[in-house]
Structures are given as C-alpha cells and as structure tokens.
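Given below, in the form of structure tokens, are the structures.
Below are two complexes that have chain A in common, paired first with chain B and then with chain C.
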Partner chain A sequence: MTTDLNTAPARRKPRNFALLSARAGAAFLTPAGILVSVFVIVPFFWVIFVSFTNRTLLGRTALNPEFVGLANYLALFDPATFFQRGQFGFSLILTTQFVLASALIGQALLGLLLAWLIQTVPPWVKRITETFVIAAWILPEVVIGFAWFAFLDRDQGTLNMLLESVGLPPGDFLLDSPFWVIVVFNTWRGAAFSMMLFNSAFSSIPPSYFQAADVAGASSWQKFRDIGLPLIRGHIVTDLILITMWTFNTFTPFLLTNGGPSYRTELVSIYNYRVAFQDFQFGKGAAVGVIMMLINLAFALVYLSLGRKKRA
Partner chain B sequence: MKLTLPAFIGRIAFSALAALIGAIFALPLLWFLFAPFNARAELGLALPDPWTLSNFVTVFGNSFAVQALWNSFIQAVGGVILVGAAATLAAYALSRSSIPGKGAVTYILLLFSSVVSGSAAMVPIFLIISAAGLMDTHLAVILTFAGGLLPTAMFILRDFIDSIPKSYEESAMVTGASPVQAFFDVALPVIRPGIVVVVVWSFVNIWGSFLIPFILLRSDKNMPAAVAIYSFYSEAGTPVVTLLAAYSLIYSLPVIALYLFVSWKFGFRFFGGIKA
Partner chain C sequence: MTNRLRSLALGLVGATAVALPAFAVDLNVTCRCVIGGVNSGTAQWIEESVIPAFEAANPDVNVVLNQFGGEDAQLTQQLALDFSTGAGPDVTAFDGFLIPSFVEGGLLKSLDEVAGPEVNDWSGWAALSEGSRALMLYQDKYYGIPLGTDVRMINTRKDILAEAGIDADTWQPNSWEELLDAARAIKKAKPDSFPLQINAGVAMGEATTMQGYWMVLLGTGEAVTDENGKFIVSSQGILDTLNLYKTIYVDEKLGDQRAQLLADGRNRSFANFRDGVTALLVEGDYFYRSVTPEGSEFAVANRDEVQGWAKMPAKEPGAGIRGQDFVTISGGTGFVINPATDTPKEAWAFLSFMNEPAQLEAFQAIQPRITARTDVAIPNNPFLTETSQTLLPLTTARPNDPNYNAVSSEIQRMTEAVVSGELSPEEAMAQYKSAVIAIVGEENTVSLL
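For the complex of A and B:
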C-alpha cells in the first residue's frame, strides 16, 4: 500500500472515499467493457462453441451448422494423417521447431549478444547497429515481407548477388530451404525486442560491479557470465515467455511464403487461415483456434504468475 | 582507466562484431533505401542513376494505391480515437473509483488479451462481424482492433494514472469541482503523456497489421495499404517493382515518424516494451 504523504493521519479520509463513485466508475468503464466483451471475451467462448459444429463459410452448413461433437478434434488428431504434410500435426511440430529455433535460440541469443556488445562499443557504432535492428522490428510487416521477397530473389536478389561476389554458389532459398528462411526471417524481424529488454536490464546493474571486476582483471566473458547473466535472470525468463507467445501466434511468414512451398512453412496460424478461409471449414478452423488458445493460456498463466511474484 | 593491449583489442573486436551484425540487419533493407528513387528499379540492388522521384509520381497517379492509403488512415485514426477515449475513461475508473474487484478485472483482461490473438480467433471474429452485418466496412476493422488493443492500452494507462498523486483531483474537488470536472479539467491534462503513448502504440499496431483487414475486407474500395501492397506483389503476376518500392516507403513513413517522435519525446525504451 502507498501512503499519501500529504495527508496527515488525523485528517485521514473516511475509508470508502474515492474520487469516482461506483456509479460514475461503472459509466466510465462501459465503452471499453462493451468493446472488450464483444471482440475478446465473446470470441473466446464462441470459438469453443463453433469448434463442436460443422459450420462452413459457404453452402448449406453455413446457415444451419450441425453439432458434430468432437469430430473436428478427432479429424485434427487423426493418427493416420497427423504427421503428414499439410495436416495439423505437421504444422504443430513445424511451429514448435520454429519457436525453438527462431525465438528461443535466434531472437533471445542474438538479442542478448547485441545487448552485451552495445554496452561497450563507441556510441556511433551503437547508434547505427541499433537503428537497423530496430528498423527491422518497427517497419510494417507487409513491407518487411516484400523487402525479403526482393532480398531472396533467385535471379536478382541482394543475397545471391553477395554470395556470388565472394565466390559462393547462389541458391533459390525460398524453394530449397523455406523453413530456414522463415527462421532467419523471424530472428531478424524480432531480435530488437530482446536486445532492448536486455539492454535496459544490463544498464540497471550498478556500474561499480563491473568496475570492481575490471580492477580484479576479469575478462568480458567472465563479467558476462558472473555478473551480467545472474543479475538479469528475471528479465531472461520474461523475454523467453513473451517472444515464445508472439512467435507462436505470428502470421507474418505468410507474407513471405504463403505457407508453401507444399506446406513446408505452414505454421499453425497459417494452417488455421487455410482451413477456415481457403477450405471454408469454419468448424475445423475453430478447433485449431481453441488449441492455439489453450497453448496461449498456458504461457499467459506462467507469465502472469511471474509478474505477480515480482510485484508482491 | 588505462586500457591494456588485450582489452584494447577486445574493444575493437566488439565494435567490429556489433558493426557486422548491424550490417547484416541492414542488408534486406538496403534495396528498400535505393529502389524507390530508381526509375528502372528491379528486384536487384542498384544505385539509382539518376536519383528520381518519378516512382512517387506513379504512386500518386494510381487511384487504387491512393485510396488504400486513405483507407489505412481512416481505419487507423478511427481505431485510435476509440482506443484512446475508451481506454482513458476505463483506466481512470480502474485507478480512482471504488469499484470492487478492480485488481481481478485487470488480471482477467490481461489474461484474455494474451490468449485471444488475431491468429487464434480469426474464425469467431469473422463470424461476429458477419453476424453484425459489418462485413467489408471500415467500421468492422476499427471495432475489431479497438477491442483487441484495449486491454493492453487500459493496462498501460492504469499504471500511468496510478503513479499520479490523487491530491491533484482532491484539491480540485475540495474547492467545489464535480468528479467529472475534476476528471476533464485536472486529471486529463496530467495524464496526457500516457494517452499519447497509448495513441501512438495503437496507431502503429493498426497501421501495420495485415491479417484482420485481410479477413474482414473484400472490396478494393475499403482495402488498407497493407492488403494493397500484398496484393500488388502476390497476385499481379510480375510485380511492378518501381511502384511497390515507392509505395512501401510512403506507407512506412508514418511509422518511422512516430518512432522518431516517441524516441525524441520519451526515449524509445518506454515504447519498446509495449509493442504487441
């Protein structure tokens, strides 16, 4: 509890005093309450309901969907097809690998490295590096998608031009290794967040700790391992949970690969889009949505419980 | 402190590594810095010779492209006004009123907003908009974004308002102001920086988003620039690279301008942590 220093104990306000009466407070909350209910809370329950029907976008079952019980879920988890390309299991495993490689390894490690590097480099190097890393993060996703499209073009793209100039064979990366393309793409796109989070964590460590280590002759690696890393442990956990959630839900790779070629970059979000809006199977798409939300829920609960612990 | 030789070499190695990573990050964007000004731009990287603004003229002569920018503007501004107004009122109520269970409300809001993402809830959002008869309208996009961004916006603003002493409004009320007056005349000017942050944050989010308008809009006349650019390069057979490059740059300008504004006014750290 915070104590208002301006209020002497003797003049303390009655217990229930509040600036806004309950009625005015309720009125103030109404617009936001309606919007959030309709577009956040209702979708949560509606998606569960729709996932038990055979609702489609077009045709007879668009208007009169029937209750089909667990049929959608059984279709998603059908062991005969689960791991086949273009099936739910395939996209789920793909997404797991994508999160591991591009968020937990790519973004977090690169962000940590960058944050540590820019602590010690001259200000102008720091400025330039930060500018491009942050630009990758703040520019709109469609623009980024197109920039990478041009970057990776087989015949004229900047990447192949560079590879050829140093004597390496050019490649058609979008066709040959699309999964690694979206991993690198997402690492590139999102490293800025981890960099900024870790950067502010490192800056909050008292400089005297590092000065003492300098006097003792510690190397940069020793300072990183023994001072930097242990003191930002909490930030690392926060960062890992947040980037995992964002990467799990991201739709941006769709703008680069459309989920292809032949489903090889079809993350769950893209799978959900294809099932619902290209194959018109809303019931099945809703079931995918429910599973995505359950996974989100698990991460959100961990994240919020950590936040509570910190505050208490 | 004097640097020893190994420490000096270490410094240089660190700088070189940081510069190298920065260069790698710049590579995919380099094309984007030159192509808009190159009248013969292709997907390859080339210095414009001569530098020209003719591609921008082409963009502004393309009515579909201009219409799409205008649509982005309507949708982003509409969404921002709704988010800003509703979040300010709600956050103020959560911070200052005696409504029971305020903490629980905030907690549940945060929980739901991180669980219900656009890519998980696309089916029910589509069904709600279609049941409301709002398919293919600006309002559909505005309302959907407002609903989705509000929980986080309320959370940011509530934190901000909690940090302001209540005595400001109390003294106004002691001198006879009504609670509504105290809100509009005393609290609102003080919490304006918080509102600015929320407004900028929601503008950038709506302006840059692709999935929601992609699902909810059908006709060319309502499409925002995000969907227009995508259709330019995904559907048009061979993309008109000169037009696309200049168009992408124009479309990115508001985001870049707002980023510069926020980092000048507040320092970007603050803004950094809250992009969804």
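For the complex of A and C:
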C-alpha cells in the first residue's frame, strides 16, 4: 500500500501537462475508441474466428459453417501440396523473391543511387528528376496498372513499338516473363520513397565533410562509401523495413497480370484475394489473412525495436 | 366503437400506403450487356423496348439499366457480394448454373417467397417448355424466369477450310482425329494461323468449362459427375480430354496458347476467328447470334457466307455420352430478383412483363435466339433453326449441384496447367483430384482409375 502511495505522485506528474482533466480526455477519446474497436479490433478477432471455420459465401457452408479447428491452417501448410503452383507455399516463396528483387535490390538501390546522383547536379535537374520519380509514386494505382498494361502489350504496346523502331525483336513480356515485369513495375513505382528518404538523409550531412574530402582529393565513390553511407546507415535500415512491409502487402501487380498466367505472379496478397473473393472460401481466406498479419507483426516488431535502439 | 376506431386507423394506414407510390419507385436492372459491346442486343432490347413499354404501363416506376461490361465471373462476384450484404440491383440477369450455390448460401430466394404467391399465377409458366423451365428451377421452386437456352458446336470459317482444300459445306469430323486432321491441314496451308481453338484456362471462367472442357469430356462418354451425382476426380476420360488439349496447344500448336492464358483471352479468340487466324472455334450458338453479327466488335464480314458449323464429334464414333457419336451441352440464362429488394412487387411486375410474348417478340426482332417460351415463334434464321433442331436432341446439362461452381473453377485451373505446358495431364489431374476432394469431401467423389 505504502509503495503505491509513494509512486502515485511520480506517475501523476506528466499529467500536469495535460490541458484537460482525465475524465474530459477520456470523453474526447471515446468516439475514436469506438470507431477503432468497431472497424479494427472487432474485425481482427472476427477474422481469427472465421479462420477456424469452413465458412464460404456460396453453397451450403455459407449458412451453416462448421468449426473446423486448425484444418484451414493445416491445409495451407500441407507438405504434399505446399509448393505446388497456385498453393500458399508457392505464393509465399514468390513473394519473398519479389520483395528481394523489387524492394531490397530494386527500390532501395535505385533510390539510393538517384538520391546520391541528384546531390551534385544543378537544382533544376534535381527538381525535374524528383518530379518524375514522385509522379510514379503518387498516381492512382488503377491508372498506373492500365498504363503499364498498354505499355507492355505484345501487339499494340508502346514498348514493342520502341524496340522495333531501333531494330530489336519485340517481346511477349506479360506472358514470357511476368515475374520480371512486376519486379520492374514495383521498382519503378516505389523508388520515389527511398529516393526522398535518402535525399533528406544526405542533405543532413554537413557539407564541410564533403568539402574536406574534396580537398583531400577523394573520388565520388570514396565520398559515397566513406562519408555518405556510414552516416545514413540508420535511414537505410528504416527504409528497408518499411518497403519490405509495403511490398509484401502490395496488390497492384494484380492489375497487370491478374496473378497469372498460371499463378506465376500470384503474390500472397493476390492469393488471399483469390481464395476469399474469387473462390469465396472465407474460412481459408481468413486463415491466410491471419498468417499475413503475423508476418507483418514480425516486421513491425523489428522496426519498432530498431527505432527504440536508435533513440537509446 | 373501438372497432370503428381501429378500422379508421387501419384505413389511414392503408391510405398512406396507397398514397406512397405516388412517389416514383426506382427499379435497378443489371445485365452483362453493353450497347455496342458485349451482348449488345440484350442491352438494346431492355433499353429501347422493355423499359419504355413498362414505364408507359406503370407511370410511377422508374427503371434504370446498369450495363455491366466486365467478365461473367466478375458479375458473379459482384452479385454474390452485393446479395450477401443486402445491396445490388433489384432485377438481374443470371446464369442458371449458379442458382444452387446461391440458394444454398442464402443469397437467393424463390420468386414466390420474394414477391408473393401471385407469382405462381403468372400465365407465362404454362408457356415455358419443360426443358427451359428446369434452367431456373432448383428443388421444385422457381428462382427466376428463363430467357432462353443454347447449344454448342464447332463454328467454322468456310473460306479458310476451302484454302486448305476441305469442302466446308460437307465437312463433318466423326472423331477427334478427323478434327485434328482438318486443323493440321489448315496449319500446313497457313503456317501462321491457329486453326483450332477449344477454350481452356482461368481467364475465360465458365466459358472454359462449358464450351471447352465439357465439349471434349462428353466425347469420352463421361461427365463431370457420375450417375449418382458424385464428382469424378480421376478417370481415363479426364486424361483423354487433357491430352487432347496438350496436342492442340503444346505439342502441335494448332491453337493459340496466348489466347487461353492472357486476361482478355476470350476476346482474343473472338478476334482470331474474325481475322481468319482461327478457322474452327468451339463456342455456342450465341457466338453466331451476339458476337459475330454485323456492327458488333467481332463482326465477321459476309457472315452468312463465311461462317458455318459442324457437330462436335465424340473421341470415336459411339464413344460419347449415352453412346452418342456427337455431343453438345446446353445452359440457360434468365433474370432473377434480388431477395433484398425494397420493391418486390414492382420487380416481379417488371420481370414478368419482360417475359411476355410481346416483349420477347421484340427481342427476336433485334436478335433471333432459341426462346424458352413455346408461344414465341422460333427464329426464322437458318443457322439457329438448324443447330437447335440438330443439337437439342443430343444435349446435356450441367449438374444441379451447389458445389458445381467451385469445382468448375478447379476445372479451369486444371486445363490451364496443361495448356500452359506447366504440368502433364497426369499431374494436373492429381491436383484437380485433391482440390475437388477439399471442396466436396472425399465421400462425394469417385476415382475410376
């Protein structure tokens, strides 16, 4: 009891900064709290609940779903089918490759390169580059999807017209190399974020460091390796985790390929959509959703712990 | 006194209820039809004939047609999600095979349950032929009014056949081998062409199952389910079917593989036929009636001279379902009422109005077809008359099973795996088997191998 009394004033101390009484604060928070619980917390537990049933939208199990325990999860991780095309394991592996190629290598590397290069160019070049890269980032996804679809079409696509005009053979990109199409697409689409983040990171380095290096006769590559990179290491980690999460969850490639041909671009998000909203297997779809949530949670925990370490 | 008061109160309520319709009632109608696009004739009919006539007879009802331009599967998806949340159009076009799965899922109610018992008094029921009545019937209840049925055949380009030295007017393959031989002859004469197209793959949705897989499978003497209604998940018939696909698309490149794998595949196959790239296309009679007529996107020039048809042969003579030499399958579409409609009486009034002979005859004038009603004249069109008279006696229907829709999706995946060359027929069938068992349970499947 006494310890409680002793610690109470210490705990109350930060409240002195509050503008409102605790009760008024709670009252103001209530509407937001209700909204969050209705639209975030309840659906969260609802999805977990549904993932233990065989609920569907059509057919008999729509009205009379049964509790099936872990059956949906066991079906997803069934070793006999796990790696088959169109199965969960296949799309998980595909997503991992997609994240590695398009987010970690594509977006981060391209963003870093762009950010470094625009440090030294005249301001108007810098501004034009930024405008183009950011435009790719902020245009609506549907517009982007259809523009790329038209760009890549074998028969009337712009890309093949360009290739043919310089004497190169046209390609059937969406059918022959759909995976690389969505990798290039996602790199192009998302490089802007990395570029902006690294750009501001580079700008925060005092110019005197580089001036001193110039006096010492350092090359551009040496300045990049020995001054630029070490000083923005924290930003790089932040960037990698954020774009990994976003790329893991992205759905936009669906607009280009529909997940096909033959599941070759069926990322986990598209797999989840197909199971839940094309096959209408809500139970199984919910199980996929729960697994995706857990994976995202893992990313988020890594991100948060790194942030805490940085502050400490 | 109390009685009088009560009757007064009831009278007031009644008067208010009667007065309410003075405010116009809005009725939404949806079909996968767009004027100048897909199923243009249907859209034209509803927009130009049904709605004006209905509104003239019911001045307090305001009808709007939503022209849906997406794929069949996308409309199904939209309707399923809409109906499950109480949203969606009041009256909508609907494919008959979806009725069992929607009804079992609680997304569709029988017409008398939605609009009242007067539905059963409609004079039109008696005028529907028995076969067409079954199209929108499930467990002895009507869920919609059927508009018409169809049959499937090999649509031919006589001009291309002639180029390969085949007399198109008498050409009729009696086995798969003869069909392949004709395709090979055309391929030899026109190496850049893809002479034979039998639908496969996921992108085409039910068109793959119905126009492609069924048409081949029936020729092996099998169907998707056996006589007890169990789904056949491994059999020689499935293997033969998949091997035919493999011959056409992978081994001999007689068909356009891209058209089966890309998202807009069906339109590509239509364009191939229009452009003479494909000479033999297995599709239904609506391909003639609503895809290739003059003025549509895939119009075939000189259609009535150039476009012909042949019966789809069984693998060998007599090897088809019921020992037939030739096979075909019929489906049917109609219109249903959204169970969550706010205006069930008006919806029924509209639905029955559009299915009266006067309106159906107006439809025949726009686009002749095999009608569901016996009191509407059979179209005076040689193509449709001949195909329906020849093929309706041979026809088959899909199982009336709530799981059929989900199994059909697996059929589309199985054919795509083979056509893309990713899996052998045996591997694809093994995947199909495990997928179907997961859907219907092992006790509802049967393996014949």
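The definition used in the following text is that the second predicted complex is superposed on the first by the 293 of 312 C-alpha atoms of A that agree within 3 Å, B and C clash if a C-alpha of one lies under 4 Å from a C-alpha of the other, contacts with A are read in each partner's own complex, and residues count from 1 in each chain.
By definition in this document, a contact is a pair of C-beta atoms (placed from the backbone, for glycine too) under 8 Å apart; a residue touches a chain by one contact, two chains touch by 3 or more.
Bear in mind the structure is a predicted one, so any value in this text is a computation, not a measurement.
Enquirer: Looking only at contacts as defined up top, I'd like to know whether chain B or chain C touches more of chain A.
Expert: The larger set of chain A residues in touch belongs to B.
Enquirer: Applying the touch criterion given at the start, work out whether A:N258 contacts chain B, chain C, both or neither, answering first, second, both or neither.
Expert: Touch partners of A:N258: chain B and chain C.
Enquirer: Looking at the overlay, what does A:P65 touch: chain B (first), chain C (second), both, or neither?
Expert: neither
Enquirer: Kindly classify A:F44 by the partners it touches after superposition: chain B alone (first), chain C alone (second), both, or neither?
Expert: First partner only, chain B.
Enquirer: Kindly classify A:L304 by the partners it touches after superposition: chain B alone (first), chain C alone (second), both, or neither?
Expert: It touches chain B, and chain C stays clear.
Enquirer: Looking at the overlay, what does A:T56 touch: chain B (first), chain C (second), both, or neither?
Expert: The answer is second: A:T56 touches chain C but not chain B.
Enquirer: Quick one: classify A:G171 as touching chain B (first), chain C (second), both or neither.
Expert: In the superposition, A:G171 touches no partner, neither chain B nor chain C.
Enquirer: Is A:F277 contacted by the first partner chain B, the second partner chain C, both or neither?
Expert: both
Enquirer: Touching A:P31 in the superposition: chain B (first), chain C (second), both, neither?
Expert: The answer is first: A:P31 touches chain B but not chain C.
Enquirer: Looking at A:Q156, would you say it contacts chain B, chain C, both, or neither? Reply first, second, both or neither.
Expert: A:Q156: touches chain B, not chain C.
Enquirer: What residues on chain A does chain C touch that chain B touches too?
Expert: 258, 277
Enquirer: Along chain A, where are the residues that touch chain C in the complex?
Expert: 56-60, 62-63, 75, 80-81, 84-86, 154, 172, 174-175, 257-258, 260-262, 277-280
Enquirer: Give the list of chain A residues in touch with chain B in this complex.
Expert: 4, 6-7, 16, 18-22, 24-26, 28-29, 31-33, 35-36, 38-44, 46-47, 50, 110, 113-114, 117-118, 120-122, 125-126, 128-151, 153, 155-159, 161-162, 188, 191-193, 196-197, 200, 214, 219-220, 245-246, 249-252, 255, 258, 268-269, 272-273, 276-277, 282, 285-286, 289, 292-293, 296-297, 299-301, 303-304
Enquirer: Flag every residue of chain B that touches chain A in the complex, lowest number first.
Expert: Those residues of chain B that touch chain A are 1, 10-11, 14-15, 17-19, 21-23, 25-32, 35, 42-45, 82, 85-87, 89-90, 92-94, 96-99, 107, 109-128, 143-144, 146-148, 150-151, 154, 165-167, 169-170, 173, 179-180, 182-183, 204, 207-211, 215, 225-227, 229-230, 233-234, 241, 244, 248, 251-252, 255-256, 259, 268-269, 272-273, 275-276.
Enquirer: In the complex, go through chain C and note every residue touching chain A.
Expert: Those residues of chain C that touch chain A are 73, 77, 80-81, 84, 98, 101-102, 104-107, 202-203, 258, 261-263, 402-403, 405-406, 409, 413, 416-417, 420, 422-423, 431, 434, 438.
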